[in-house]
Each structure stands twice: as C-alpha cells, then as structure tokens.
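Heads up: the structure comes next, in structure tokens.
Residue numbering begins at 1 within each chain, and the chains themselves are lettered A, B, C and D in the order written.
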Amino acid sequence: MYRFNNDYSLNAHPAVLKAVSDISGHAYGGYGLDEICTEAADLIKARIGAPDADVHFLVGGTQTNYTVISAALLPYQSVLCAESGHINVHETGAVEHIGHKITALPHTDGKITAGQIAKAGEDFRISDVQEHITEPGMVYISFPTEYGTVYTLQELEEIRTACDEYGLVLFIDGARLGYGLAAEGNDVTIQDIARIADVFYIGGTKCGALFGEAVVIRNKRIGHRFRSHIKQNGGMLAKGFLLGAQFRALFADDLYFKITEQAVGKAMRIKEAFREKGIPSYIESPTNQQFVLLTDRQCAVFSENFVFENEGTAEDGMHISRFCTSWGTTEEETEALISAIRDLNI
Amino acid sequence: MYRFNNDYSLNAHPAVLKAVSDISGHAYGGYGLDEICTEAADLIKARIGAPDADVHFLVGGTQTNYTVISAALLPYQSVLCAESGHINVHETGAVEHIGHKITALPHTDGKITAGQIAKAGEDFRISDVQEHITEPGMVYISFPTEYGTVYTLQELEEIRTACDEYGLVLFIDGARLGYGLAAEGNDVTIQDIARIADVFYIGGTKCGALFGEAVVIRNKRIGHRFRSHIKQNGGMLAKGFLLGAQFRALFADDLYFKITEQAVGKAMRIKEAFREKGIPSYIESPTNQQFVLLTDRQCAVFSENFVFENEGTAEDGMHISRFCTSWGTTEEETEALISAIRDLNI
Amino acid sequence: MYRFNNDYSLNAHPAVLKAVSDISGHAYGGYGLDEICTEAADLIKARIGAPDADVHFLVGGTQTNYTVISAALLPYQSVLCAESGHINVHETGAVEHIGHKITALPHTDGKITAGQIAKAGEDFRISDVQEHITEPGMVYISFPTEYGTVYTLQELEEIRTACDEYGLVLFIDGARLGYGLAAEGNDVTIQDIARIADVFYIGGTKCGALFGEAVVIRNKRIGHRFRSHIKQNGGMLAKGFLLGAQFRALFADDLYFKITEQAVGKAMRIKEAFREKGIPSYIESPTNQQFVLLTDRQCAVFSENFVFENEGTAEDGMHISRFCTSWGTTEEETEALISAIRDLNI
Amino acid sequence: MYRFNNDYSLNAHPAVLKAVSDISGHAYGGYGLDEICTEAADLIKARIGAPDADVHFLVGGTQTNYTVISAALLPYQSVLCAESGHINVHETGAVEHIGHKITALPHTDGKITAGQIAKAGEDFRISDVQEHITEPGMVYISFPTEYGTVYTLQELEEIRTACDEYGLVLFIDGARLGYGLAAEGNDVTIQDIARIADVFYIGGTKCGALFGEAVVIRNKRIGHRFRSHIKQNGGMLAKGFLLGAQFRALFADDLYFKITEQAVGKAMRIKEAFREKGIPSYIESPTNQQFVLLTDRQCAVFSENFVFENEGTAEDGMHISRFCTSWGTTEEETEALISAIRDLNI
C-alpha cells in the first residue's frame, strides 16, 4: 500500500533523527533552558528576520494553540476564526476548556477575509450591550488552511490592518507552514509572516520533525511569562533539548524549506494528473493536500493500492478524498499514484 | 414616556413585594434551607405534576444556565443550541468560561428541530475521529425563544425522541416561561415541559418577581449535589428565603400564570393593531415580545412617546423594533401604544 | 427561640425594605444602568472619599470574590490568603473553578501579616523555577476576618507596602465591613480601606440589605470592562436598580454605619457577660461575632432557648460556639442572652 | 563536570533511541492508534498483571496529572495530596487552571497517611455545610515521592482502604516509578501498584525514554472516553507510535526495571559514602534521589566538579543538596562522586 493519508505517519527526516541521536552522551539543562534550544531559536530568528522575537518550542499543535490563546486573551475575549479552523473543529473543545469562546465565521476554501474581521470588530465596537457579549480579542488563521489553500500577501496585509483597527491579536497557525510557503503561486515569505503576525508557529510535526512546533512571538505582551503559560498548559517538555535539536537541524541549510518544497512539487504533479484525467478538485489547493471528488468506483479502485482520507460526501454524492504528500513521500510513491490516476478507466 | 423596551424594568408584582415584606421579623435558615423554600418548591412540584422533581432557586438567568450546564456535562461535551440562543449570544461567554463549547445550529425564528439535533448526534456517532471533536451532551432550547416564538408539543416530543436516541440532556430555558405558556395557539403545558425536559427553569425575573429562577431537575444525575454546583458558580443566595417567598407568592393561586397571560393578551392586541395598520412583523411572535419592521420615520414618531428596543436593521433597511409587554404593562400604556399605531400616517 | 446563629437570617432593615418598595411603579434601565445605581454609587464614593473609584453592585459574596479575582489575575497567578479565608474554605472551590490557585498561609486569629506576604513575594522573586510555580498576584484579606477580628491601620499599611514591593493586588473582602469598622478599638476608617485596597467591597447582605455587595475598584486595570466580568460570572442582576435602591438607603444618613455599630455594641455587652461569667473566648473578637468555649452541658443549656453555631471542637474538648449579633438583633434578644449567661450555674 | 542534578538531562537509553530509529521507513496510524502502541500496551498489561487495564501514552508528567484529574473528578471535587506533591508545588497551578482545588496535607518525608485521608473524608462526610466546601474526590500520591521515599505495601493497602471507605479515587504518580520499585527495602511490586491504584502512570521521561508516560487505568469510569480528555488537554501526540516504540523497548526484557535498578544501586553507594563521611541526610531516601545537608564550604568544594541541585536551606543554615542518579549515570561518574565525598576534609 502507498500511503497518502496524512503528513504525520512517518518517523522524522533522517537529518532530524540523526540530530536527536547525536546529542546522546551529553547532559543538557531541562525544560528548554539549554544551548541547543538557544541555537535553534537563533537560527529561526535570523531566518525570519526578527532578531527580537521570542521563540519557544512546544510539542504539538493543539497544545500550542490553546496555550497561545490562554496567554493572549482576557477572560471575556473570544477568538475569531473560520468555521473550518482547526481550533473550532478538531481540538475537542480545548480552547473552551481553558475558558474562551470561539466565534466561527463562514469561510471560502478555509479562508476568512479582512472584511469579515472588520465587521466583527465593528459589531462589537458599536454594540450597546458590550458587557453581554464576548469581545473579539484575536484572529486565528491557518497558513496554509485546513484545505491546503494560502492567503496572498495582500490578504494578510489587509487582515493585519483590520486587526490593528480593532485591537485584535493576529495568530497564525503554521502547523503546515513549510508546505504553505512552498505553495504554487504563493507570494508570502516567512519574513512576511513574522512581520504581520503577533504570534505564529512553525510546524515541525508535519514537516520533518518527530514532533514539535516553534512558537514565534512578536507581541511582547503575549510573550510575558510565556514559559509559565507553557508549563501551566502541559506543553513544557522536560527534555526540551530534543525540540531544540530537531529545529536546529531543520533550520540548518534551510532543510525545513527544501523538504516541504519537494513535497509540494510532488503534490502538484499529482494535481496535474488528476486535472488531465478530468477528475474534479473539491478545492483548488496549491499545497501538499489535494482534495478531489471521486465516484464510488474510483474510490474503490484507488483503495486497492493507496491509503487516502475520506473527508465526507459532496452534495452530488461524490466522495471528497484527500491525497496528502509529505516530506517523506518518495518518488516511487508519487509515480505509482500518478500512474494509477492515468490508468483509471472509470 | 411609555416603556415597552423590556420585561425587567419594573419592580415586582405587588403580591410578590408584599410576600417579601411579610417575612420581616422572623428568622429563617440560610442558603435556601428554610421552610418557605420548601413550601414554594412543593407548590411548584404539585403544579407541574412532578412530585419527585428537585427544585432549586437561583437568582438570575445566565447564572442558572451555566450552572446547569456545568452540572450536566463532562469536560469534553458540548451544548447544541440555536445560533440565537441566549447562552450563545448574550452571556459574555459564560458557558465557555466554565469550560464547555457551544455548537450553534441555524435556527428558524429562534427554533431548532429534532432533525438538526439528530444529525448532530449522528455525526458524532459515526465519526471516526470522536476524540478530536466535542461530544454533544446537551440540547439547550428556550421556551419561548429569544424571538418570542414557541415550540409545539409535537416539536418538543420529537426533540425529546432525538435526545433519547443520542443520549442528550434536554435543558429548557424558561426565562419567559409564563409568556410562552400563555402564547396564542400554544398547546404545551407546564406539565409537558416537566415531563419532556431533563431540566428546565421557571423564570421569575421577567415574570413578576424581583429576581429569581426556579430550576426544576427531573434527571437525578444532574441533580446530584446540585447545591454544590450552585454554590461553586456563585448562585447561592444567602437569604434564599427571599426566593422562596417570591415563588410561593407566584405559585399561590396561579398568579404566575395569570399575570403572564394578561401580558400576552395585551401583546396580541398590539400585534393586531400593527397588522391592521399594515406594519409588517419581522417574526410572527405569539408572546409578549413583538418584533415589527419600521421605517426611519415611523421609528422617529414612535420614539417620541414610547421606549422600545432596536434589534438591528433588516436587509431592506427597515428597523427591527421590539415592543415588549410584561406583567406590569398597564391598560393605559397598551391603549396609548395601540392608538399611536392607529394614528400613524406615514 | 432567640437566634444568634448568623447575620443573614432576617429580611432587610425596614428602611431598605421601604426603599425597594418605593421604587414600584417606575421603570428603570436594566443591568445596573439606571439613575438609582448612579446615585448610590455617588453616595458611596463621597462617603469613602474616592470620587474617582468605580463602584459596581453584585448580589452575593462568593460571586463577588471570584469575579474580582478573575478580573485581577493572569492565568498563572495565584491568590495569597489566610488558611481560614472564606475563598479557601467556604466557597466550594469557586476560585479554582475559574482557574486560579489559592495559596493559603497560616493565620493568627484569621489574620495574616505583611511579613508573610513579603516572604511569599520574595520566594517567587528569587525562585529559579518561576515558570513551574504560580506567581502570587493578589492578597485577599477580610475586614473583619472570618473570626471577627480586625487589622489595625498599621497592619494594613504594612500589608500595602508589601503588596507594592511585590506587585500584588490587595483585595479586601468586606462582607461584614460595617461590623469591622465599628469594632471595639478599631482605628481603621472606610476612607483608609478605600485608600489602601486596590479593590474591596462593602457587604450589604449581612449588614441590613436583602442582598448585595458594593464593589469599589481603585485600580483602573482591574476596573477595565469589569461589567463584562460581572456578566460572564453570573453576577449581573437584571433589575440592578434593586441593588442601587438598597445601597442608596444604606448610605443615606450613614444608616449602614449606625446599624452595624449598634450590633457590635450588643455583641460587646454579650462578650462582657461571658467574661464576667468566666467563660473563655476561643478568639478575642471586637465585632459582632463572638466565639466562646462551652462545655457539653453549657451547650445544652443555651440550646434550649438560643440558636447559635457550632464551629467545631477545641483541643480540650470544649465546643467552639459562635454567637452572632446583627443589625436586626433586638434589645430583648440581647438581654435574654445576657441573662442566660448570668444565670448559668454549670 | 559530572552531572547529578537531575534524571532528565540526558537523551534516551540507547535501546530506546534505536527503537525510535528502527521504525523509520514505515507509516503508522496517527494519534496512538497503531500497532506499536498496541504491542507496548500489551507488554505493560502482561507485566503488571492487569489484562483488562486501559493503557494510554502521554508525553509528560504535568500534562498527565491534570488530564487524569480532569477525567476523574466532578467540578466540585478536590484532590487530596501532600503539601510537597508535584501537582501542588511544581505545575504552575495546572490543576486549578482546569478547575479543581488541591487540598494539601502535611507530609512526613513526602508521604501522607491513610489516617489523614480518612480524616479528610470524614470531615466532609459529617460536615453540615457540604455544599460550601469541595468534596474530596481523589487522593494523589507519588511513588516514589518528591523526596525519593516510598510507601510500604501496608501503607498503600491502608490508603486503599481509606479511599474505599470514602469513595475516593487513588491516583499514583509514577514519574519515577522504576526508581521507586527498585528502592532499597521496597516491598511493593508493580502488580501491587496496578491492583491498588484506580489509575497510575509509569514514568518514561526520567527512566530511560526520550519522553513519555504510560497511564494505566483500572477504574473504568475514569477510562471512559479518556482519549477525548487526552486530546482536549493537549496530550495527544500526532505520532503516537513514537511513544509506543519507546515503551515497547523499555518493557521488552524488563529493560525499564533493570536500568532504574542500576541507578538506585549507584545512589545507594553514594548514600553510603555520605554516611561514612558523617554528612547528614536531609531525608532518608532509598531511591535515586539523595538529599544531604552540606555546609557552605562543602557546597563550594563539590560545585567545582559536580552539578547538583540546591533545594533550599535547612533550619540550621545547612544547604539541602540533591544528588540524583539516573539510568544514564556512569560508573565513572559514580566513582568520581564517591571519591570526592571520601576526600572531603572540611
């Protein structure tokens, strides 16, 4: 079986594994207070052009999301996000568990607009019952989105402007950041992300690491005693140097960017094969996740040799099927899938 | 000025005030453990036909809502409610503050359907990522709804069936219960409510009391140590006998039902006046809240002598205006408004 | 039976009841936004010498305590208080329920010292594992304490100094404030309280009101959107004017201070009677709560005609018995108890 | 420098590292739903003699502690633990953050007794203000304790009996379980732990793993939808197979037990060296953590070549110094420390 079901089913990139192995035999400070984490943070800060940023390493995405939100918001503040936002649909109510309401906005291909944000901000500003409603305090977006799409630079700039107008923190979930930056047609750099967001994270788990997310904080208020928030929310790894070692490896020689770019390249070849075959996209994604609409029989045929994810049923009864490449997808796997698409005769 | 802006702008019904005054000079047990509360609870249990119910008296609606929800749900469970549900839009995120996600469903005139509930239950049941999503644990509906509409008995029975099928607690917010039971065309009795709901409350604040909501619990699991939940959530009045005295007065001789029925009667006359004048309803409400669509100039004319609430702007630019009667609305006020409607010449 | 068991078993002072009754027939704004609340707040601000204070009216003490704490602290901050502090022992974990740790300190007669506070502050300051422990963010004390004792002005000034040194908010629970200010030997004025505390409240429930606590906020950071905190925590009374009317009555002509002073006077006479009889105090209290040590037989004798509270058993097996006067204790009741004490022959 | 400061400053045991490396090249199910986790869980269940246990793998200790507590308790319930308990002093209020009060009990060398537990249970049972106080719902103990001491089998049996008597869940924090089981004089087996506790965990982070704690649930109520609790509390590792691989390696051929036993053996030799030298213990610990009292000058001498932890100052001004061995402590390091102790001449 060839696996295209997700981007977290493999161990880590060999360079990452080697990096973890290589630190054996030495003792390091605990809880992320060690020289490896410092080096990794320095590499990241240099690469994103933000020498004054705070960089923290957490283990996983859900943990990172609610920890950042807990640090950024006051009790009566809520988070604006797309209805499809990961915090809204796939984190078992973790954000509400620690006390905050999520106000979900309709989305287009996983994206929300500056206009929607401004409207939410304005609705609160002009409300004459402000104390009866939650105050929008943060905008949460994902880059790329849960549907693999990316915001343009102009869209991000407009969102930033709306956030500034209404005093909102902008938090960018970069669980798949590498794949988004490598997106076909993308005009956003990681420096742009670092300049525009108050806080964002560079996803490691899905981009070559064993696990780990590097949180980058630009807004000093959110950064205040952020380590206390990490610890309180269960995200402080005792052997934090394991996270440092992985990110140091990923940010040496731009490995992070190269391996995610390769994965997107493979996804684009698969996308083109689907297009040529006339199989419709469910959503036009320029990144490593491809969503196509398959018939029952097409599904059955692919399922013989490929693992992919069923994301539900479209209105016309077609299966929304996700094929996902990753840093670990091989040339052989890619070719096998492309051949299977070409050979499809139903 | 004649006030039709809401149903909580007046002191209490004279009989309630007298009841509170009459208990002067005697000492009672604290925190609701007194003979007056017992008598009031007994009156309620007899009236609703549920001798084995648990009755508790809390001070206000928001407090009651999140206390019940905190008692009823496990941490990973969420509440299903209409997008317009009070807990979703006018309680400053109180439910999320104590840890639970609200899953808001599209509504029709403030109502949700058994079908929507069953779909949400089924979606969870068949999900292969159950641990990544919140489990629907409760259905919250309001009777009457925030738009003054009421569920039919059949609708409630169907909702109950859906709740049973999917293991959901049914919680009915009765902040305006009296007005709902007196609704034009209503076929639901308070005994039906008591039979169908796991837990509901009989709103006092808007129905003749100074303050107070009588929570009726039918589901023994929710009732377990409910007083601990009340105390923990700040809802335990030291002088609980004040609540008992009010509800004892309201449930003696059916006062609660009489005064809310009168208020609905006045609202129906106002409704009819609007209809005759050709002023459109925003929503057809059979209860004490009437929502009509006014032009700018009509709004201005009414505003000279009447206080009413602006609920936003309809798509065609008309003002959604709420005129609200209450147990305290006088005949003179009613006639003044009806005359003003009839005299409108724009 | 004569009741000395607590100070919340009676209805309100007649002037308060009359004030509530007198507002009948007029309509007022909801949720505390009305002219009565404004007048009451103005009276309070004038009386405490703090024209720039924010005054809010809440219903009860537990609710007030955790709402203030929720507004004042960041997620990783804790509250320092006496082990006997009300928030620590009699509020069903309400403070923890909304997310904050209470760090309880040993107390002397219900009081903690500036030295203890400074030590806790210093322990955190010099800790090399700050992110693993909660940061003290607030000091909570009661005036008078749960044992009826009061802080001297010098003690309060020293506590303020310690709070300033370590960046701690000082919150004074004044559920029985009137009785504390009237304490025998007390040298603290309400103006002192208002000057020294960041936030405190003037308890109404136990001091002549039906219910209600007036929160006075001096620290603008805590006051920011405080109404949102009130609403989120279930403390916003729909008919807030009921609170305003009560406090307006209590602060007109210093009624609040007069009635609590009378109650303390009666308690002092009772205290003297116990002293003369040779019945030992458990704690020397100069306020309306008197704690004495009774034998089994003495307990039995008093129980024939008096209701009082058993607070546990002292080390020598004696009963810790609380006799509590209030604004409503009559001269007859007082004399009856004093006679009974004098007549005790066991 | 030789490091004896803690047991989490080294990478993992070589067999664990190899196990992680060996799973490269294959794809596994996400979030712990994979065959490796199943195998690891089966090995654990066989080893502890509890085939019907639920085994879950989480990343770290704090996360595990509050997740278990969130799953086990109702909102108004509290946790009993020693004042020195890790959840009480070193987790930044994580337990309170998710809503529960910790009731800290005085301890002896880190241990609490069945008598203390029974008293707390009885105090609640006989309380006439149960709704005003939190209900003890759980006992949290550590094996070994934070001071390296262990409970005897009889002590654990008595604690179990007290828990049964008062309806308390018994949760054993086994962050250093291996070292506790290998303690000098220990008469408790892991089968005993599994039989006596409702839930416990087998610590990996400090016992040879990169990271990871294996939670073993015996009480089915706590186990209900435990994966939802894990996800909600940020503890679900996307690549759960990394946890499975590590625990599979640790429980193959009893590696876990062998390496922790060796560490304790080294600690006992160090302890004996201190004893022979006349350096007093602060606490008599039979496990890998040794607490001794050093003078200023002794501290300074050791600090030249050894890293160890300062745990504060004893009453006589001596330094409470912790020397900690681990699975990774070498013979050379051990001998170096022992020599230094012997050579001490001040």
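One rule holds in what follows: a contact is a pair of C-beta atoms (placed from the backbone, for glycine too) under 8 Å apart; a residue touches a chain by one contact, two chains touch by 3 or more.
It should be emphasised that the depicted structure is a prediction, and the values quoted were computed from it without experimental measurement.
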Starting from the defined contact criterion, work out which chains touch subunit A and subunit D both, please. B, C
Starting from the Cα centroid of subunit D, hunt down the chain whose centroid lies farthest away. B
Centroid of subunit B to centroid of subunit D, CA atoms only: how many Å? 50
Provide the C-alpha centroid distance between subunit B and subunit C, rounded to the nearest whole angstrom. 34
Subunit C and subunit D, separation of their C-alpha mean positions in angstrom: 42
Touching at least 2 other chains, the residues of subunit C are 75-76, 91-93, 97-99, 131-132, 228, 231-232, 236
Can you name the residues of subunit C that touch subunit A in the complex? 31, 70-71, 74-76, 98-99, 130-132, 135, 225, 227-232, 236
Subunit B contact footprint on subunit A (complex, rising order): 75-76, 78, 89-93, 95-102, 129, 131-134
Subunit C partner, complex, touching residues on subunit B are 3, 6, 8-12, 14, 17, 20-21, 23-30, 59-63, 66-67, 91-94, 97-98, 205-206, 210-211, 228, 231-239, 242, 307
